[in-house]
Each structure stands twice: as C-alpha cells, then as structure tokens.
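Structures are listed in the sections that come next.
What follows is chain A paired twice: with chain B in the first complex and chain C in the second.
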Partner chain A sequence: MKTLLGEVVLFNRWTDRFDPAAVYQGLDSTNFRDFENLWKPELDRRAAEFGTWAEAAEGNTQDAHWDWVGKAKSEASYEAFAVECGGVTQGLMLIDLALHHARLPPHKGLDLCYIELVASAPWNRRGFSDNPKYKGTGRVLLATALSFGIDQELKGRTGLHSLPESETWYGPLGFTNCGYDEGKQLQYFEMTEAAAASFLA
Partner chain B sequence: MDRRQMTLILSDKEMELLDDLSDRRGMSKTALVRQALRLYQSVTERIEKGEKVFVEHPATKDKAELMVL
Partner chain C sequence: MKLLFSVDWLRSKIASDPDVETEAGRPLVGFDQVKSMESGIVAVIPQRNVIQMRIALGTLVRQLRQRDRLTLQEVAARAEVSEEELRQVETNPSYTARPRLIFQLSKFFGVSLNNLSQMSGATHAVDRRLYNDAVQYAAHSDDVAPLSELQLEILNGFVAVLNTPKALSGHD
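Right, the complex of A and B next:
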C-alpha cells in the first residue's frame, strides 16, 4: 500500500525555483511504470556508451542493472519509498530493517536501517546529464530513511554499500567509510546515532 | 503509519526474555517484537524459496544451518 509521508520541495535547476514534491512509503504501478518507461531506457542508453561497469561511473550509470521492480517485490521485509515531483518519480529507495547490524562502536551489533538501493532519476544526475533537473532528491530520501529508522527505534543508525560513483557523496553527509566489504565488493558506509542527529538537526 | 493494538499473553519466562532482549537491543518491547517479526518473515521467505540460512562461527568458520519449525 502506498502512503503519503510528507510534502517536500526539490530545487529545479532549469527554472531556478523550488518545486513541490511528495514522499511516499510503498510503491505503486505508477512508480514501476516510471522506472520501466522513463528511467531504464535512459540508463541503458547511457550505460551502453561505456565499455565496462567501472567506466560507467563517469556517466553515473553503475546502477543501470538494478531491477527495482523485481527487487521491491522480492522481499516482503523491504520498505520502499519514492519521491515524486511534477507527476514523475524522481527518486526511489529500498530499505531493509531485518538483516543488518551496526558495525561501528558504540552501538556495534545493534539493529540498523540498511539502505539496500537508493537512486535519483537519471535526468537529475550530474555526470549523466549536462543539465540535470532536480537537486535534493538524494538528501530527501536519506532524511526519509533516517526518520523511518528513528520511528522504528533504530535511533538513526543507518548503513549502506556504495557504488564507486557515489562514494564521495556519503562522507560529507556524516557517513563513516568502514572500508571495503569483500562480500559485496563495495565500500561499506555507516551513519552513527550522533551523526544522524546532526544530519537531521 | 497505521498501527493496530493487540494483547500479547506471555509466560513469565517469555516475558523475562522479552525484557532482557529489549534491554540488550536498546529498544522497547513493541519495537523488539516488530524486529523479530521482520527477521522471522525474512528467514521464512528464504527457506520457502529453497534457500538455506546459516550461522557461522567467526574463528572456526563452522557453519550451522538455521531451521524454522
């Protein structure tokens, strides 16, 4: 079931104005259709310009293979979120509260909110587009994850594995780079309770 | 988020376990039960799909399969 969580604004770089947007918990056929019809063709087209997955970082398309529709439906324990603006899905996020635990002291071993997938629409990305449209989708989704985790009494503890193209984004937001995870073959980042409180302040 | 209320009847031993776990995990009993439900749901789904769930000893790497009854 799709539920409106709140109203936000995204900065429209094309008009230099803030546009009203909405954050939803749960995805519906509109979001899946936007992904299949609007996101995926753009991601596939851009990804085809690069020879390897590593090179695709330059075009901000290392997530082109992510199967949002299949993934969102694969695990009932996932919580899905969407940001919509201008009648179109501008950002998507899947989080898992069941299977991951904090790695950083002083709360090592306690449950955390794990961001399984998070992405902004391709046309909002630097590197993908010379003239990206909306700014702020990623921050809105991150704030949503932190708030949802706090609501579930996880106190803001949040973890994720980052694509190489996004690694520089997480540090300034308050995530700690916990190093390379051999299992996932990606860098693992974690936000402590204190860092989450600071981000949301 | 819509929430519904229910009454949970537990034995003394189960209640002690719930108290102890909620203390150790740093969350209320309600949040702990929610987390336990998510975990049980995830494990059940995986086993129903034919996957196996293991726990591994960090030093010896010995694995024990988790069975859901």
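Right, the complex of A and C next:
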C-alpha cells in the first residue's frame, strides 16, 4: 500500500526555484509506469555508454532495474519509497531491514537500516543529462531512510554501498567509508547513531 | 511513520549540497545493447580479441603513468586503487580488471569510462572502431621503452580519439 509520508521540496535547476514534492512509502502502478515509460527509455538510450561499465559491475548478470522492480513488488523484507514532483516519480529507494548489521563500533552487530538502492530519475542526473532538472532527491530519500530507521527503533544506524561516482557524496554527510566490499564490488559506507543525529540536526 | 525533517531544513541543505551523483546500491541502468548491435556499431568479440584490447589497455595505462612521471605506487595511492591490481592491468592481458579500478583510472587519467571499460574486456560487446584504434595504438607502441616524443604523440592521439564524443560508439 502506498502512503503519503509528507510534503517536501526539490530544487528545480531549470527555473532556479524549489518545487513542491511528496515522499511516499510503498509504490503503486504510477511509479512502475513512470519507470517503464519515462525512466527506462532514458536508461536504454544511454546504455551503450553506461551499461558497459555497469554490466561489468554486475558481473554480467541480468538487468539490474528489472531486478529491483521485482524486489519492490515481491519481497517482504524490502520497504520501497518514492519521491514525486510534478506528478512524476523523481527518485526511488529500497530499504532492507532484515539482512544487514552494523559494522562500526559502538553498535557493531546490531540491526541497521540498509539502503539496498537509491536512485534519481535519469533526467535529474549529470551522468545522464547535460541539463539535469531536479537537485535534492538524494538528500530527500536519505533523510527519509533515516526517519524510517529511527521509526523502526534502529536509531539512525544506516548502511549502503555507494556507486563509485557517488563516493564523494556520502563521506561529508557523516557516513564512514568502511572500505571495499568484495562481494558487492563497491565501497561500503555506514552511518552511526551519532552521525545520524547530527545529519538530521 | 513521521519524517524527521522539515521543508525549511531541506531547502537550506539542498541549496548548499554539492551538485554530485547520489546513487547507491546496484547500478540502475539498462543493458540493452541489441540496438547498437543491430546497427553494426558494436560487436561481440572472441577471447583472442579481448586479449588484444587488454594489451592495449595495459600499454595505455603504463604510458599515461609515464607521461605524468608517476610510479606505479604513486598512481595506486593517488587513484585509490590496489597496486597489485594496477600492475596486473599493465602487465597481464589475461587479468580481468574490476569495475571500480577501471572507474578510478578513468577518473584519474581523464579518459572515457565507457571506452576504458570496453578495453578491459569486461563487456560482451565492443565498439568496432575502438577495437581497431586500440589494436593499432598497441601495435605502434613500444611496451618497455621510455616514452619518446613520437610515442607521446601517438599516446595523445589515441587519448584524444578515446575522448572524442560520438567518434567511437555514437553514444558518448
């Protein structure tokens, strides 16, 4: 079930103004349709440029975005979130509360909120567009993830694997770079309870 | 659940946030290369050609390092990659470089990620023109000698080709 969590804003680079947006928990057919009709054509258009590297990142496995849509629809341990603006899905996030634990002291071994995937729509990303539209989906979704983790009594402990091009984003936000994860072939970042409190302050 | 932040907080933070990519988790991209294959721009290449591409990649990385007067250790430290992995890329065409290494090298040397990735042999398909250019570049490069003026010219020419938008894949 899709639930409105609250009103937020995104910065419209085209107009240099903030536009009203909304964050939802759970996805509905609108989000899946946006992905199919709006996101996917953009992703496919740039596939030859970005897909080659990403394909390698995936170890030549199947198409990742189909994978996550499937997960959002079917796997109970995942919580899906969307940020919408102008009637369109601008960002998506999947969170897993079941399978990951904190690696950092002083709460090493305790459950944490693991961000399985967070992505902005292709037209908001510099990697896909020379003139990206909205800025802020990453922050909105991360702040939502921390809110959700705290609501689930995880006190803000949050982990994720950053894509290489995003590594410079997570460090300054208060995440600790825990090093290269052989399994995921990505750097693992984790936010402690104290860092989460500081982020939301 | 309640959002633990306000719209005013968001406005203030977003305004001062760096304008960088924020993606995490598995790469959210398409892998459909069928259209490119249909058009003949890219082709699936056999293993022996992958080896040729990797030889070119090793030569390219070593010569870029020589051009910048850096040791293997220095590149590894500055690009934040493993020295051993870097050595393997330079010297062992059977070695499959990991995506992160290719990404870091692309960023460090300022060379097209897409083309570097194809040269690493980590992809099913490669750009035909990239393949031809890479093999020619490797054939005209001495793989042990210091970088001569002529060699530097060949290197810079190849890097320019790698970084020319739409010159190779039509998608840069």
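Here is the rule we use: the second predicted complex is superposed on the first by the 183 of 201 C-alpha atoms of A that agree within 3 Å, B and C clash if a C-alpha of one lies under 4 Å from a C-alpha of the other, contacts with A are read in each partner's own complex, and residues count from 1 in each chain.
Heads up, the rule we're going with is that a residue touches a chain if its C-beta (ideal position, glycine included) is under 8 Å from a C-beta of that chain, and two chains touch if they have at least 3 such contacts.
This structure is a prediction, so every number in the text was calculated from the model and none was measured.
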item: Three-chain arrangement built on chain A, chain B and chain C clash or fit; value: fit
item: Touching partner for A:112 - first (chain B), second (chain C), both, neither; value: neither
item: Superposed arrangement, angle subtended at the Cα centre of chain A by chain B and chain C, nearest 10 degrees; value: 120
item: Touched partner set for A:25, first chain B, second chain C, both or neither; value: both
item: Contacts of A:168 with chain B and chain C, given as first, second, both or neither; value: second
item: Which of chain B and chain C A:139 touches, first, second, both or neither; value: second
item: Chain B or chain C, by number of chain A residues touched; value: C
item: First, second, both or neither for A:151, with chain B first and chain C second; value: both
item: Which superposed partner A:6 touches (first chain B, second chain C, both, neither); value: second
item: Contacts of A:98 with chain B and chain C, given as first, second, both or neither; value: first
item: Which superposed partner A:195 touches (first chain B, second chain C, both, neither); value: neither
item: Least Cα gap, in Å, left between chain B and chain C after the two complexes are fitted on chain A; value: 5
item: Common interface positions of chain A, toward chain B and toward chain C; value: 25, 151
item: Residue ranges of chain A touching chain C (in the complex, touch as defined); value: 5-11, 18, 23, 25, 40, 43-44, 46-58, 60, 62-65, 67-68, 94, 115-120, 125-127, 135-140, 142-144, 146-148, 150-151, 160-166, 168-170, 172, 180, 185-187, 189, 200
item: Complex contact set, residues of chain A against chain B; value: 3, 25, 75-77, 97-99, 107, 110-111, 151-155
item: Touching residues (chain side chain B, partner chain A) in the complex; value: 1-2, 25-28, 31, 34-35, 38-39, 41-42, 45
item: Contact set on chain C toward chain A in their complex; value: 1-5, 7, 10-11, 13-15, 17-33, 35-36, 41-42, 98-100, 102-104, 107, 113-114, 117-118, 120, 122-125, 169-172
